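You will see chain A twice below: alongside chain B first, and alongside chain C after that.
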Partner chain A sequence: MNFWSKLQSIDVRIIYITVFVTLAIPLLIPLGIPLTVADNSVNMYTLIEDLQPGDRVLMSLDYTALVAPEVHAGTVAICRHLFEKGVGVAMFGYIPEGPMFGDMAINQLADEYDLVYGKDVVNLGFIPGSESGVRAFGDNILESAPRCFRNQVTKDMPIMQGVRNAADFKMLIGIGDGLQVMVQQIHTVHGTPICGVSTAAGTTGLWPYVNSGQIKAMLSGLRGCAEYEMLVNKPSTAVAKMDGQSLGHLVIILFIAAGNIGHFVTKKNKSEAKQ
Partner chain B sequence: MTLWRRDIPLLITFLTGIIYVLNNVGTISIGSTTLGELVQDLNVWVLIVAAFAMGVASVNLLRLHGEKVQRRREGWGYSLVLIATMLGYMLIGALGTTYQIPFFADLTNLVYTNVQSPLGATMWAMVGFFICSSAYRAFRARNVEGTIMLVAGILVMLGNAPIGESIWGGFPVLSKWLLDIPNTAGQRAIMIGAAIGAFTTALRTVTGIDRRYMGTIE
Partner chain C sequence: MSTDPWVWIASIGTIGVLSGILWKDNVLFRTVEHVFVGLSSAYYVFTAYRNLVNLGWAPLKEGKIILVIPMLLGLSLYTRFTKRYAYLSRWGMGFLIGVGSGLAMFASINAQLLPQIRANMLQLTSLNNIILVLGVLSIIVYFFFSVEQKGAVKHVSKIGRYMMMLTFGVSFGNVVQGRISLLLGVLESLLGKWLGLMS
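Take a look at the complex of A and B:
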């Protein structure tokens, strides 16, 4: 097997080691590759910036520990923006683990923004029943979540006063895999504007909703979260991971290029040998 | 027997389906209530049934793995770990979250943050390695379709990573165009196809043609 043939079948262990080293280096020694902010992130920022103190938003946290490293930074960055503006946040999730991340964000930011649970923020917890559950929740929030994640009665909370259904919230911010369900079961029924954060892999499937305006703005994956951290002037974990993502993409492209060069040269050599 | 096992479930399914369809037609009153209110009640029932389903699933899991441990079947040790983890985390979760006992609340978060989160993140991170390996093998310009996929993939990758923009400012523009035009067109076609498929399935279920949900294929 000559060099060009070998380029087409590089040992998988070499690929894995190269990827690992490439991702590890920028985490240990940040490279500071410049990060620009895309229009989508600016749109998202503007939507939240336009909210007034005292407004309320719903935040649907629909992700597990698997994708949390990609989107949880977005939850924290958006919460920072909302709390800074004095906007009330009611969290829930139709994936059991989601509300747990909500509580983590609340605990992380509670002291920084002097949050009063039940007044500034509430975690309504897990809503079972998948899409049907979300529909029921949107139609009658207090009946679907009579007690919150911390086992307190929700109807007595200041943040929940006057709430009947999803239309009583200025916006719904979906984080993770639930944006499509939120469009279908909340926006279509109650007209609540939707925006949020999707995983990079989920972006392509949700993009038609962004183009149609059913999703007002959407941050895409880790990069979107990093851009939002820049917008709220709190660069954190997402920004720190961007160098790794850049180099990771570059390594994948280099391997693809190597495979294709090997493929073409071998093909050319074979056709020349035939002649 | 068929009355209870077939006819009544079919009637319930038919009536429920019709109620939901009619609710979308307009405001219809039934005595002192409206169809909309009835639908809202039915939606809350869904929440209750779904919550019970989770309980049933937990009991089923315990029975299945409990039997495996009891009979010392192959891999019973793993089942024991599963049962202990499930019951243990359920207990500390209930004490910490539901009853707000600070020690257990901290323990719940500690276990989740230091066990479940890193394990989940590891599983997802491994996908990155597999993607790199499979992209290297699959993205070959062997034919026109393969070349289109290869070029589109590389453009989107460079458009999304900050380094792509540092190399050439046009990468994000091209990436956005691919997302906006060809991707949206393709995704919409898939969505509409899936929606028509879902509607057909719903219609077959409501009218009793498709009875597989009852556990029988007739």
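Take a look at the complex of A and C:
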């Protein structure tokens, strides 16, 4: 096997190690590659900035530990913005692990913003039943979540006073993989404006909903979360990873280019040998 | 280096999983794998139990008798384990399929079809709008099988195929971005939270 053929079948472990090292270096020694903020992130920021103290929003946390490194920074950054403005947040999730991350965010920010559980924020927990469950939840929130993630009765909580359905919230912020379901079963039925954070892989499929206005604004993956951290002036974990993200893409491009060069040179050599 | 035992457990778990992928099947990898499966199962069982109590049993005790119907339909799904009463499971299954289909039909028409048609009725006054409308129409033509794909139809259909190829490329790029983010999350956890090497 000559050099060009080898380029097409690089051992997967070499790719792993190269990517691993390339991503690790900027985490240890930040390079400070400039980060620009896209219009989508500014739109998201403006939507939340326009909320008034005392308003309430629903926050749907639909992600597992698998994609948490990509979107959880967005949950924290958006929560910071909401708590700074004095907006009440009612979290829930239709994926069982989702509300667990909500509780992590609440615990992380509780002291910083003097949060009172049940007044400033509540975690309504996991809503079973997939899309049907979300529809039932939107129609009657207290009946679908009689007890919260911390097993407290929700109907007595100050944040839940006067709540009947999803229309009683100013906005629904979806984080993770649930945005489409939220559009279908909450926005379409109750008209609640939707915005949120999508995984990078899910962005392409959700873009038509942004285009049609069914999703008012959307952050895409870790990059979107980093931009939001910049907008709320609290650069944190997502911003720290952006150098690595850029270098990682560069390495992947180089590997794809190497594989293709190998393919075309081998093909050319074969056709020349035949002649 | 972290003194938090949970950070240590998480880091050893991460290394265990990576060792199975980068090196070979080993005791640490298998242990971590089994612990993960066990913990996940326990979490799901507990969540399901709590939902059953909070959403079924507790309201029933408070006098919401109507809940007997969905509970019986739910229980009917378990009759599949007996040959004699297995037919009863069709009632529960039928109910689930009926509700699911109804919701899907509602969502398809009101959240997808109509708003997307409306969103694509654009004035062709900008390049973006022209590309969008051209893309939608050419892809629809690509999937129009009632006429033979030749002549003008073939050319338009080809544009549709290129449009789809572009979309797949964008999707693949996004997937790469997502996977890099996940690896960065793992590295941040190992190098930052565990070893304390990140500033």
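Going forward, the second predicted complex is superposed on the first by the 274 of 275 C-alpha atoms of A that agree within 3 Å, B and C clash if a C-alpha of one lies under 4 Å from a C-alpha of the other, contacts with A are read in each partner's own complex, and residues count from 1 in each chain.
Keep in mind that, in the parts below, contacts are C-beta pairs under 8 Å (C-beta built on N, C-alpha and C of every residue); 3 or more make two chains touch, one makes a residue touch a chain.
Owing to the predicted nature of the structure, the values given are computational and were not obtained by experimental measurement.
Chemist: Touch check for A:161: first (chain B), second (chain C), both, or neither?
Modeler: Neither partner.
Chemist: Output check: A:69 vs chain B and chain C. Expected answer is one of first, second, both, neither. What do you get?
Modeler: Both: A:69 reaches chain B and chain C.
Chemist: Could you look at A:15 and tell me whether it touches chain B, chain C, both or neither (first, second, both, neither)?
Modeler: first
Chemist: For A:223, is the partner it touches chain B (first), chain C (second), both, or none of the two (neither)?
Modeler: A:223 sits against chain B and chain C alike.
Chemist: When the two structures are overlaid on chain A, which partner does A:249 contact: first (chain B), second (chain C), both, or neither?
Modeler: A:249 sits against chain B and chain C alike.
Chemist: Does chain B (first) or chain C (second) touch A:150, or do both, or does neither?
Modeler: After superposing on A, A:150 lies in contact with chain B but is clear of chain C.
Chemist: Pick one for A:260: touches chain B only (first), chain C only (second), both, or neither.
Modeler: first
Chemist: Contact-wise, after the overlay, does A:2 reach chain B, chain C, both or neither (first, second, both, neither)?
Modeler: After superposition on chain A, A:2 lies in contact with neither partner.
Chemist: Regarding the shared-chain residue A:128, is it in contact with chain B (first), chain C (second), both, or neither?
Modeler: It touches chain B and chain C both.
Chemist: Which residues would you name on chain A as touching chain B in one complex and chain C in the other?
Modeler: Looking at chain A, the two contact sets intersect at 16, 19-20, 23, 66-70, 97, 128, 132, 135, 144, 151, 200, 203-205, 208, 211, 220-221, 223, 245, 248-249, 252.
Chemist: Touching residues of chain A toward chain C in the complex: what are they?
Modeler: On the chain A side, the touching residues are 13, 16-17, 19-20, 23-24, 27-28, 30, 66-70, 96-97, 126, 128, 131-132, 135, 144, 146-147, 151, 183-185, 187-188, 199-205, 208, 211-214, 220-223, 237, 240-241, 244-245, 248-249, 252.
Chemist: If you look only at chain A, which of its residues touch chain B in the complex?
Modeler: It is residues 10, 12, 15-16, 19-20, 23, 33-36, 38, 64-70, 97, 100, 103-104, 107, 127-130, 132-133, 135-137, 139-140, 143-144, 149-151, 200, 203-205, 207-208, 211, 220-221, 223, 242-243, 245-253, 255-256, 258-260, 263-264 of chain A that touch chain B.
Chemist: Which residues of chain C touch chain A in their complex?
Modeler: Listed in rising order, the residues are 21-22, 43-44, 47-48, 50-51, 54-55, 58-59, 99-100, 103-104, 106-107, 110-112, 115-116, 118-119, 132, 167, 170-171, 174-178, 180-189, 191-192, 197-199.
Chemist: Please name which positions on chain B make contact with chain A in the complex.
Modeler: Going through chain B, the ones touching chain A are 40, 43-44, 46-47, 49-51, 53-54, 97-100, 109, 112-113, 116-117, 119-121, 123-125, 128-129, 131-133, 135-137, 139-142, 150, 153-154, 157-158, 160-166, 172, 179-180, 183-184, 187-188, 191.
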